[in-house]
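Some structures are shown below for you to check.
Consider the two complexes below, in which subunit A is the common component and subunit B and subunit C are the respective partners.
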Partner chain A sequence: MPHVVTGNCLGCRYTECVSVCPVECFHFDDTMNYIDPDVCIDCGGCIPACPVNAIYDSYNLPEEEMRWEAINQERSKELPVLSAPIDPLPGADEKKRELGL
Partner chain B sequence: MTDKPINLPFRIAIVGSGPSGFYAAEALLRSEPPIEVDVFEKLPVPYGLVRYGVAPDHHKLKQVTRVFERIAQMEGFRLIGNVCVGEDVTVDALRQCYHAVIFANGAEREKDLGIDGECLDGSFSAREFVAWYNGHPHYRDLDIDFSHETAAVIGQGNVALDVARILLKSEAELSSTDIADYALEALSQSKVKKVHIIGRRGPVQAKFTDKELREFKTLPGCDPLVREEEFVLNAASHKELEDSTDAKLSTNLEIMQGFEFQPSSDHQKQCWFRFLQSPSRLMGENRVEALQLERCALVGEPLHQIPVPTGQLSRIDCGLVIRCIGYRAKRIPGLPYDTDKGVLRNNQGRLTKAGESLPGLYAVGWIKRGSSGTIGTNRGDSVDTVKQLLSDLPQLPEPQHSRSHILDSLTRSGLRHTSFGDWQKIDIEEVRQGQSLGKPRQKITTLPEMISVLDS
Partner chain C sequence: MKSKTVIGACPQDCPDTCSMLVKVENDRVVSVRGNPEQPFTAGRLCAKVNNYQDRVYSEDRVLHPLRRTGPKGSGKFERISWDQALEEITERWKQLIAEHGASCILPYSYLGTQGIINGLNVGDPFFNRLGATISERSFCDSGSSTAYEMTIGHTAGTDPESFTRSKYIILWACNPLSTNSHHWPFIDKARKSGAKLVVIDPYRSRTARLADWHLAIQPGTDGALALAMINVIINEGLIDRDYIDRYTLGFEELRERVQQYPPAKVAEITGIPCDDIVQLAREYASTSPAVIRIGVALERHAGGGQAVRSISCLPALIGAWRQPGGGLLQLSIWPFPVNWGHLMRPEFIGGSPCVRNVWQLGQTLTESRDNDAGNRTSIKSLFVYNSNPVIMVPEQERVIRGLEREDLFTVVSDHFVTDTAIYADIVLPATTQVEQEDIMFSWGHLYLSYNNRSIDPLGEAVSNTELFRRLAKSMNFEDPYFYRSDEQMILEAVDWDSPLLKHTSLEELKQEGFVRLGLPKPDEYAPHAQGNFPTPSGKCEFRSTIAEQGNFVIPLFRQGYAGQQLGDSVDPLPHYIEPVQSQQATPELFAKYPLKILSPKSHTFISSSFGNLTQQMRQAGEQHVILNPVDAQSRNIQEGEIVTVSSPVGSYQAISRISEDILPGVVVSPVGYWRFSSQFTSTVQAVNPSKFADLGAAPTFSDVLVQVEATNLE
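Let's turn to the complex of A and B:
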């Protein structure tokens, strides 16, 4: 049951998840973060750390977010690993507010 | 004052080789200028609570050791195992050989309930029980009696869930894990059928995580149960649930709403999740025979509710009580201790006395912030302390002795210290022994056996 980053991260890319990940399984591009499911050890530490509730245990993944499982798998393999937190994307706080969080 | 020669590497001692120690080592080894790191470990083998705390049936979590293996291969890293700081070598001796010392030795004592009978035979702390089933050499000889069919587990966090799960799983389920051989043997004879997980707070306030809670729905041969009268939410708890942005609260509640009020049959094992009950006394002549509970009510504003005893008493007849209510750090002579928090007194990881930083002394992990968080919490936490250390480093005095001084004096005293290469030999041997048993590893649980693998 790997963990999955979903749509709420898109346009935010907060990296609180990165600072609590014990195994450096987060990768990133200009839009969001992705979890490498082959590296994640399912500790679950990133779920409460995410300010926009973007991360799910795949067991709890809502129906409408299922597609993110394959996207995380694919994109994480192509992108650089994120070993330390970076600034969120411009507009992240606005999006967070829009999400009611 | 003269400038330090720049070609001289700084050297740092880390006390403890659990997650926080390894992540502190990583942060130091990744920094510029080059830093040498010696990690002291009291056991011959590394990894602290990853080896001796994480439950044996949570094998995937233990794969974090792959990261530690990578850190151990970094230039400048050394493990010095089988050496107890405070006994085999003093903190002062370390300070004479290193620019700074980072304490990463966790919370080695437990918090107490402070109730009568807490020390009766049959009453154990989670620290003892968890170390026992995980094969810790200092705890392998604990005499734990599983002959009574009821056990009480006190606490409302994931440690309580680990303990309850291990008590309730069958031999077949545990035999494919890296549980200690003697623990598997003892548990296979266990008569424990009913486990009560007891806490003073309600279902909304319990600190379980949903993943761990959900495992109880799929435990073969075991019913997860709640009591109707304890599974009620007051207005403030409803408000906490509604206002929370943390999805975990409602997920946890949904999982527990799926638990039953009545056992499905007499043949099933039972795991009772008990709420609003404060353990008030352990009763028994020479050993635990019963636990007295006092009903609580939650009083106060949402998020600030406290459990208040109501005077309504009940008792659970049981032969085993395991207290999972948190840990505190051990006092280290000469170092400042914060009694309230059970940690070394510190400011962002710098040890402090009377508000002043003590130069060259730092803390990371549970000994810095208390026993909370996941393994990864320690990564950010160690990085934070190392940042403070690196900014202090140019001002720290050059140690009197060289890096080899400590090892030379340990060797002269006849102490067989271990290296990371030694651990790798033990690791290979444990995995080899596990293979024929269908286990990921068969842990070696005595110090002489560990050493004999190295010297054979």
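Let's turn to the complex of A and C:
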């Protein structure tokens, strides 16, 4: 299982990750982004790009975030691919501040 | 807390040589990430290196010299001091030299670390001065390098960054998403600007899945496909006559030669329909700029060298070199102004040395041969660094038999007690990249890189440069050359006065971590728009003028030594050489072993590096073999079953995976898995033979027949 988007993305959906992703592995819905594990090549470029530290190498995924592996796997298959960055969700900056970031 | 970020460079044997930011807290490396400032590697690393700190601090690191205390291979070692280790090694060598001559010592290394001062050539001056047997390291791209030299010379070829301008891209026998992933965004950008991406590969790799057109070719038949493309291009008048007249040699002979390869005949050979071959040739010739990226896999069959020769002729025929983004990319290493001779010191070689090829280690260690002076010699001591031959070299069981010899004195310098090091008499602790300083070339982009040291060496680990300083001192070498500091070696490693480096300095390079060679910008760089091929004629040589000297391995891969080459005769015109193992060529073998096997590099290992680390192993799973459903069904093999893969050379066990990603009659089993980390013992190199391809002593790992059977577990 490669890289995983976790809960910090919920309500933010910044798409800096999409700008650096070389393989278009990000998918999205109205709440957040998801990584297609079969497409991700594990380049790691999205981790420092994410303004809210939502992305982990699954190898380093904290225990409490483990459930996101299955969610990314499942949701990415159902949703459209993000080929280019889009606007963050309304309230994204506020949530980022709440996260102390 | 003391925190700093150091600019390093990835040391692995990969074309990408990433600029790497190493985060250090309280003198401990806590993370690495890609340097976003580097235009080619652009802030990304990869599945192998993302958690490099785990390699550095692995509890399995060798941090002190070790001496064997049990039988060879038992893994029983005791800690000794560096002084004891050096004394034991050099005393033993002095005795062996007195008794058998220095040629009984064989150095064995490659690119476990790829830095210019710690990598390929770091031990060459020492062993050349010692008079040891020359190690002919035709591990990778050697066949291609010979073919290149015979055709277009040692050129960088097309700038990988110029691919953004390409309109027709052929990735031939390469899978950049796994083995050259930082090149992919340039290819992807071209696609988004309308380029067509064609992938030629027997296996539907990660990259092939993203191609506009995937041509699943029969293994070992690439040369025939290229010759059929030339046939169509010439016969249909799709050539650039002006370019051919000005900048090529031997066109009429090539025209005549390729009449032997009509598309209908080549369709039978390659398994690619005739119409597809014609379409490929027409599209390639009529879409400009067109570029071909060839992978190392191309050389790994009986006719690999001639396949590279044939493909290297294509861009000149259609004048693809005229524009940036057109041409051919194989190895971008050649323009780097590295002082190769000063790194290798071939003039230290005295008289007529013995030469042994690295791929034939099993044979070298298990039989004695006559040297040039007519004396029967055999290797009595093996010195391994930067490599793990048990995993990466064919005839795995025979290599182990050799390493088990009681009379063989083996020294291994490594980060870990590898599958090779476990047979050593002495194991020496080597530094990882964050513990050493180096300057780096690349064979996949045009940036010189610098690796600043981030932390002090752990334990008693030493860099390869320090290792050879210590060995030289113990051997009482007097030449001050052997005692230069790393700083001095780095200063002398490249030609700072070269026009390609005049715009920079060592100080600037240390600070930035990378610098693009002083070449035109990627959008403007067309190195062979007006010929200028580094060949004897200055032209693209369809008819090679140097073929008459016979087959050879370039001296860079032979410690600088140019003598005692293979020398077998080479047809100066490109031609197709059939696989040596096939239904037609070896019907009796085929009756027992009807499947062709490919053993590509894994997505998460670099050769065998990282094959012992948790993260990479978790992703790579067990040593597996991929079969087409047709072949699985006919053998009653289910997904996930333990199967036995065998050839006349040997056998190993693997987990079956069943997929239509591979053609019927072909199986895929990635290399790099360690025997230690496997639930079985042997890995894929157990079935591969040590036979050479036609040029440059390349291996023939894509020209092997095997059988796969369900394993009887009783």
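Throughout what follows, the second predicted complex is superposed on the first by the 100 of 101 C-alpha atoms of A that agree within 3 Å, B and C clash if a C-alpha of one lies under 4 Å from a C-alpha of the other, contacts with A are read in each partner's own complex, and residues count from 1 in each chain.
We take it that a residue touches a chain if its C-beta (ideal position, glycine included) is under 8 Å from a C-beta of that chain, and two chains touch if they have at least 3 such contacts.
Everything quoted here is computed from the prediction, not taken from an experiment.
J.: Looking at the overlay on subunit A, is there a clash between subunit B and subunit C, or do the two fit?
T.: In the superposition, subunit B runs into subunit C.
J.: Figure out whether A:N53 sits in contact with subunit B (first) or subunit C (second), or with both, or with neither.
T.: A:N53 contacts subunit B only, not subunit C.
J.: Decide which partner touches more residues of subunit A, taking subunit B and subunit C as the two options.
T.: Counting contacted residues of subunit A, the larger count belongs to B.
J.: Just to be sure I read the superposition right, which of the two partners does A:L101 touch: subunit B = first, subunit C = second, or both, or neither?
T.: Touch status of A:L101: first partner only.
J.: Per the contact definition in the header, classify A:I41: touching subunit B only (first), subunit C only (second), both, or neither.
T.: A:I41 contacts both subunit B and subunit C.
J.: Have a look at where A:Q73 lands relative to subunit B and subunit C in the superposition and call it first, second, both or neither.
T.: Touch status of A:Q73: no partner.
J.: First (subunit B), second (subunit C), both or neither: which does A:S19 touch?
T.: Touch partner of A:S19: subunit B, not subunit C.
J.: Check each of 92-100, 254-262 or 326-334 in subunit C against subunit B and return the one that clashes.
T.: 326-334
J.: Using the superposition on A, tell me which residues of subunit A are in contact with subunit B and, in the other complex, with subunit C.
T.: Touching subunit B and subunit C on subunit A: residues 20, 22-23, 41-45, 47-48, 57, 59-60.
J.: Write out the stretch or stretches of subunit A touching subunit B in their complex.
T.: Those in contact with subunit B are residues 19-24, 41-48, 53, 57, 59-60, 84-85, 101.
J.: Give every residue of subunit C touching subunit A within the complex, in rising order.
T.: 33-34, 36, 42-47, 50-51, 177-178, 181-182, 184-185, 188, 206, 210, 603-604, 614-615, 618-619
J.: Quick check on the complex: what are the subunit B residues that touch subunit A?
T.: Result: residues 19, 60-61, 63-64, 66-67, 209-211, 214, 245-248, 251, 373-380, 383 of subunit B touch subunit A.
J.: Can you name the residues of subunit A that touch subunit C in the complex?
T.: On the subunit A side, the touching residues are 1-2, 20, 22-23, 41-45, 47-49, 57, 59-60.
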